[in-house]
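Which chain is which? They are A, B and C, in the order written, and residues in each are numbered from 1.
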Amino acid sequence: MATAAWLTVLTTTDAADKAEALARGAVEARAAACAQISGPVTSVYRWRGDIETAAEWQVLFKTTGARYDELEAYLRRAHDYDTPEIIATEIVRGGADYLRWLEEETAG
Amino acid sequence: MATAAWLTVLTTTDAADKAEALARGAVEARAAACAQISGPVTSVYRWRGDIETAAEWQVLFKTTGARYDELEAYLRRAHDYDTPEIIATEIVRGGADYLRWLEEETAG
Amino acid sequence: MATAAWLTVLTTTDAADKAEALARGAVEARAAACAQISGPVTSVYRWRGDIETAAEWQVLFKTTGARYDELEAYLRRAHDYDTPEIIATEIVRGGADYLRWLEEETAG
């Protein structure tokens, strides 16, 4: 697959203040242009054979394909889960000025 | 289009307990590795010529392309809307360990 | 890239009533079939060298690739930000009846 020019990247964590710290750190490092925190959401998953639910906070980052590796590396360092959710979706269209802003904000 | 390896799949329903039942059922059936429920959200749509609003809950499933048909079939059986929202977006990048976990959790 | 048949389009604004007005206007104009408003969410971004946070509301539109330009043009007219977030993601699979409904609702 060709590299996506722009991406949204989603992670989840178990406290609002941890979500905000992840968002701030990524923007500070210019690994993302911005992020939006939603929550609490109810996560549903299997754990040791049972279906569990837990309150979590979602962090949706906006970045470029060029900065994805930096963002993933940051999240692996900063996140306190062993296997954090890190999933990226391609932005296929958008406002040209907004996409330019994404690129400027994440430029080293 | 080539088949996506991993997907997020979104549905909405009109009560929190229905959303949780859909999430639990999909994870139980290994049609999804996990799901996150957000809400209430405000849905806006046209109904018989008027614009209506309604409170709904979003369920965001994480699964593989290989398990999509199973997840859609489950949602059609379990959802009580005639035409439920079922829309899938490709996960184009992600944490390798997380994506491997998605595959393991949804393996038959 | 080939044109996507169906899209989700995300914007954010700073008040719940503005979010609902954007959603209603887009559905009224058949630039989107429906929209879901989530919030408040916490937006994190850089502003004049500092990392700021603000409460915002997300509006997630469902539309067709054929109607994307109309939706973007509407959002540019109706949104009161200079550079509003407008980002689109492709719907790669979905319920056939739901996708047909998207097309019917957005047909001129």
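Here, a contact is a pair of C-beta atoms (placed from the backbone, for glycine too) under 8 Å apart; a residue touches a chain by one contact, two chains touch by 3 or more.
What you are looking at is a predicted structure, and each value in this text was computed from that prediction instead of being measured.
Taken as a graph of touching chains, this assembly is fully connected, with contact between every pair of chains.
Summary of the copy comparison: rotating subunit A onto subunit C for the best CA superposition needs 120 degrees, to the nearest 5. For the pair subunit B and subunit C, the distance between C-alpha centroids works out to 19 Å.
Multi-chain contact residues, meaning those touching two or more other chains, occur in subunit A at positions 38, 89-90. If you check the complex, the residues on subunit B that touch subunit C are 1, 4, 7, 12, 38, 41-46, 51, 53, 56, 58, 68, 72, 75-76, 83-90. Listed in rising order, the residues of subunit B touching subunit A in the complex are 6, 8, 19-20, 23-24, 27-28, 33-38, 62, 89-95, 97-99, 101, 105.
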